[in-house]
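Across the two complexes that follow, subunit A remains constant while its partner is subunit B and subsequently subunit C.
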Partner chain A sequence: MLDYLGRCLVQLVVTLLGVVTVAFFLMRAVPGDPAQYMLGDYATKEALAVLREQLGLDLPVYQQYLLFMQRALTGDLGSSVVTGQPAMTEIMDSLPASAALAVTGLLIAIAIGVPLGIISAVRQGTWVDVAVMMGALAGISFPVFWLGLVAILVFAHKLSIFPALGASTSGGLLTQLYYLMLPAIVFGFSVAAYIARLTRSAMLEVLGQDYVRVARAMGIRESRIIGRLALRNALIPILAVIGVTFTLAFGNAILIEVVFSRPGVGSTLLKAILARDYQLVQAGVLVLAAVVVVVNVSLDVIYGFIDPRLRVT
Partner chain B sequence: MTKRSSAGTSQTRRRFMQVAGAASAAATLPGAFSINAQAQAGKILRVRLGSDISVLDPSHIFQIENQTVSGHIFNGMVKYDQATNKIVPDAASEWNVSSDGTVFTFKLRPGINFQKNYGPLTSVDVKYSLDRVIDPKGGSKYTGQLAGLKSIDTPDPQTVVITLEKPNSGFLHKVTAFNQGWIVPKKAVEERGEKFKLDPVGSGPFVFEKWTAGTEVRLSANKDYFEGAPKLDGILFRVIRDETAAAIALEKREIDVFYALQQPEIIDRLKKVSGITVMNREANHTINLVLNTTIKPLNDARVRQAMAHALNRKGLIDGFFKGTKGEANSVLTSSFAEFTNDVAKYPYDPEKAKALLKEAGVPSFKFEITAVGLSPYDKIVVPMADDLRQVGIETTLKVLERGAYTQARNSGNVQSCITGVVGSPDPDSPLVSLYAKASFPPGLNTARYDQVEDLLAKASLAGDAAARNAAYKAIVQKVATDMPVIPLYSDQVFMAHTDAVKGLEQNSLFTMQSYAVALA
Partner chain C sequence: MTAQSDIQRKRRRNAIARYTRHPGLMIGCCILLLLVLIALAAPLISPHNPLKTDLTNTLAPSSTTYWLGTDQYGRDIASRLIWGTQVSLKVALSVVTISLVLGTLIGAIAGFAGGWTERIIVVCNDVLLAFPGFLLALAIVAARGSTLESVIIAVAIAFTPRVISVMRSVVLTIRPRLFIEASHAIGMSTTRILLRHVVPNALPPVIVVATVSAATAILAEAGLSFLGLGVQPPTPTWGNVISDGNSLITTNPLISLSAGLCIAVAVVALNLLGDGLRDTLDPQMRRQTGRLI
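Coming up: the complex of A and B.
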């Protein structure tokens, strides 16, 4: 186990170095000059030159890269050219909001998706199955911003159960959770659709296996077959999807963040890209990559608990 | 649409508490469930911002959200009256201009103090604020605005003497409370350095408290403000990017003011809701098709006039914008003191356009519009291209990402581009930007037009208001005949608020100012 975690740590470092390098060069390949963005349409050549020099943009790209790496390795990712705040601080500030949405949304998705998937697999071909799969198809097909707006209209406007704004900075934990519920439900619902479909097909595959037939022949209770035998074997692909979705929720939840007026890493990153805020983009990409690696490692460990054959050594 | 009073929200809260209480089976819940916690904490005005703030330092400031927040924190020596755009005293109680028009002497009001114990506002702070914009190393966007200043002197703490290289009758606009005209405390800027960008200190009616990235900005009332304490206890600027969500939040009284309202559908919807007022006003802002007069056949004024006749601008305003924009015959909209409607007009007339093109000897030519890939610019060019094709101009579109667009435009090689000029009600802001030789390169005069140099100089020298109006009228009339820039429409500023908001005055700057506002 320790050996495995050691390897993971090496993997983490290599991944982060690679990702940051790619982000560094990609950002510089994007047209648009940060100095021009800052100084606007009336910037003279002289003013642009002065600012480029200050930002180190007058150096050849490889030198900029070496300088950046030198600083990054000491933990200094620079400051945002727009706001002047340390880039890492700005990203870390938006991380909790993303994490809260990802965790809550996924819990809801699992709570809805897994049972529905199981039910429709067990009742394959019945109207229950058809209804669940139709619902799942709808969940996948409706764009999440549309679902979000409908949810706001129905639950916030007509029924007045939830606030229209999906975030609050004041109040205690319960208030925060209350504000989080609507965006989390919308996010959870769209993910639940995937999970339900996946659970169903994984369950169907397992339920067709010989050992299930043997278990049934031995007269083992159906609930035990489903719960212990089938679900546990079907969990691996479901977990994989949950892992991917979890990481996506950090960077790709921009639409939910926009509709529900929530902060988040995705929104911060998008803002940084649009302003050619190189430092902020690099910090954001670094944090997202770290999240992906950490989630993957955690998944590897969890797989082992579910399926001893996959136990890491 | 039903009207929801504030009782509606507390009922909401109760309902949720019942649900939550039942779920957790808890007998008592902490008083944390309070949607209106802010409103109950005092008279806090909750204002929707369409995007997050990024920099509040006047020398670097851009975007209306930043300017709206900073407008509450800083003062200028003079300011625009919100309703009339007249220049009125702010930190300076009086000023006079030397007879040759080059020396401006300002007397600062005594007893103005910066917030957070940064001491009195003096001439040293004014000089410092202007100097840091002028300094090319300061990286300010507004260095060009203060070009032509010979010296800034501070004979005593209450007196600022600004000497210009040559007379400029519009100089006051440059030191008006907006962007580079805002006064910062020297000590605070030097102490805070980069942090000043998002932790500013000014002398204005509100004090910067806290910024939560992506969520909100909090200001508190400056009880010692020199014009009297504000009627509000504070302002909460809430970032709500989606306009539908913002409209619902306003209807549910989760916010009090919906600032920067744009979508025609949302405007229509809110107009029908009782208890909500939708305000609008013409902005100092036009969107224009700039034609490069150095490229054939656009060098011929008849071709440019033909294009103005060919474009169905009224159709664009009524159709695409559903009437939420205004018609513009000139880049000086009615919100400018120097506005005149006595200019050549180019109503939609394809036949006349064809005739003019024929007369110019180019019944057909290839033409390209370059636009930035931001709404609505990337969309309005589509019907425009159609209109131009109708009269034989083979129009293609090039929609570019913002950085690439700026680069293309600055190259000076594009045939045309879509350019908006946003700024204060300073007539030089659109006129010099679009028509002066000095404005390219760099700048917005990508038409490379140079036929009003003498008229612009004359306007600078004009002594009184009447002479200024006459001088600007001459410029506007000349460019309306030459048509290097076709004004497409003038922008309108929309804002909605609930009945609880009293005394809100809309300005034409695209910003929002709540010093005069009270909450019922």
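Coming up: the complex of A and C.
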């Protein structure tokens, strides 16, 4: 087990270093001069020189890289050009709102997706299966921001059940939750579609195993086979699915935040991109990717606890 | 002689029937073909110039002249959607081509070379896979500027790693097989073995992943356009039309709704195609019904 934990830790460190490296080279991918890009076409030579020095662009690339790495490890990701605040603080301030959306959305997605996936695998080929899979196909095919727009149109404007905005500036926890519901449901629905598809295939694979056939031959009740044999064994792939969708979900969360004008890392990132606030963009990308990496490695550790087979290799 | 050709003919007929009997595959193919035709014939079939603004005729309701009405600049929505097909398909096709070529190549090298080459490629690939695809595309477009070219590059970079990892794992299962060893034994060069034996055998699962990434590419392009970071207006793209209609969703919902339906139809078609190809090309992949992107 310790050996397994060690491997997970090495993987975590290597991937995080890689993420920092990618974030650094993204800045380098700006054609021409990043300083020029940030200040626009009408910047004076002096202003450009000052910004270049401030960003360390006058140093050779390898020195810039080492410096960036060193600073990133201490949590210093430069400061926002627009507000002057440390980029890390700005991102961290908007993280709770995003986390609330992601967690609520994922809970909804799991609550809808896993049972539907199981039912459709157990009833494979029936109209229930066809209906669920068609719904799931729609869920993965409609753009999530468009689903958000439709939800606003139907539930906020036509039916007036939920507010059109995804967040309220005042009010207690309940008000915040009320405002969170519509974006979380839209987000949850789109992710539920992936989870249902993957859960169904995980279940189908287990149901096709020899031990299930043997259990059936022995005359064990179908409900017991599904509950005792299939579901338990399908749990690991289903957990893995939820880990995968978490990565996917972060991309969708950015779009949802913009559609519902919700504060969050996604909105902050978009604002930074439009304002050409490069340090902030870099910080946002880095923090989001780091969160995803940490979550995925933690899930790996959890699998190791649940399934001893995964610890060997 | 005749018996043998009979068997061959029968076998071929069975192979074709496998594809035609799959309803999802056929529906997906037909929709996709229709979309390609619309994209190619856009100059002929679009009723109006998609860029022509008419400030005396803004936000017109749908009529026989303006099938889906006009937007806030008086541009014909139907024409913009027809021309938008071109952009979406161009992005999908380019992304698939780039990620297929790069992905199979790098994946095959990683799987075949082994040792440090493989380890380095795998680590780099894992880092790219750690980024949510859309976030990576967003960051690249932010760095490179919003042109059609950089949207394609961004989405391709985000999705090539998935092809690489599928290709590598397939190569790893092929490599220990006897026919590869035999090819080595008769003195075939590694490049030749790769091209003659490994790539053709690994292609089915890779094609499935590529189809899926085409679907995701269309969604990613639309998402970038919607955020105002994709192909810049006034170029008609589906995402741009949704974005134009965003503020008018309560008064003129038709604008955003119709553009969203276009995206959904294209993505459903590609997903049906991907699911169908997976069922028919590669029975072993059948269990992986989900999307990893």
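We adopt the following convention: the second predicted complex is superposed on the first by the 249 of 313 C-alpha atoms of A that agree within 3 Å, B and C clash if a C-alpha of one lies under 4 Å from a C-alpha of the other, contacts with A are read in each partner's own complex, and residues count from 1 in each chain.
Just so it is clear, a contact is a pair of C-beta atoms (placed from the backbone, for glycine too) under 8 Å apart; a residue touches a chain by one contact, two chains touch by 3 or more.
Since we're looking at a predicted model, the values are computed, not measured.
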For A:21, using the defined touch cut-off, is the partner it touches subunit B, subunit C, both, or neither? Pick first, second, both or neither. second
When the two structures are overlaid on chain A, which partner does A:306 contact: first (subunit B), second (subunit C), both, or neither? neither
A:153 in the overlay: touching subunit B, subunit C, both, or neither? Say first, second, both or neither. both
Given the touch rule stated above, what does A:69 touch, subunit B (first), subunit C (second), both, or neither? neither
Contacts of A:161 with subunit B and subunit C, given as first, second, both or neither: first
Mind working out whether A:38 is in touch with subunit B, subunit C, both or neither, as first, second, both or neither? first
Which of subunit B and subunit C A:128 touches, first, second, both or neither: neither
Quick check on the superposed pair: does A:244 touch subunit B, subunit C, both, or neither? Answer first, second, both or neither. second
Which partner does A:47 contact after superposing on A: first (subunit B), second (subunit C), both, neither? first
Shared contact residues on subunit A - subunit B and subunit C: 30-31, 149, 152-153, 157, 258, 274
Of all residues in subunit A, which touch subunit C in the complex? 14-15, 18-19, 21-22, 26-27, 29-31, 137-138, 140-146, 149-150, 152-153, 157, 194, 197-198, 200-202, 204-205, 241, 244, 247-252, 254-255, 258, 269-270, 273-274, 281, 285, 288-289, 292-293, 296
Where on subunit B is subunit A touching in the complex? 4, 8-9, 11-12, 15-16, 19-20, 29-30, 32-35, 37-38, 51-52, 54-55, 60, 62, 136-137, 139-141, 143-144, 193-198, 212-216, 238-242, 244-246, 248-249, 251-252, 254, 401-404, 406-407, 433, 439, 442-444
For subunit C, which residues count as touching subunit A in their complex? 123-124, 126-128, 130-136, 138-140, 142-145, 215, 219, 222-223, 226-229, 239, 242, 246, 249-250, 253, 256-257, 259-260, 263-264, 267-268, 271-272, 286-293
Flag every residue of subunit A that touches subunit B in the complex, lowest number first. 30-33, 36-47, 50-51, 54, 79, 82-85, 90, 93-94, 97, 149, 152-153, 156-157, 160-165, 167, 169-175, 178, 257-264, 267-268, 271, 274-276
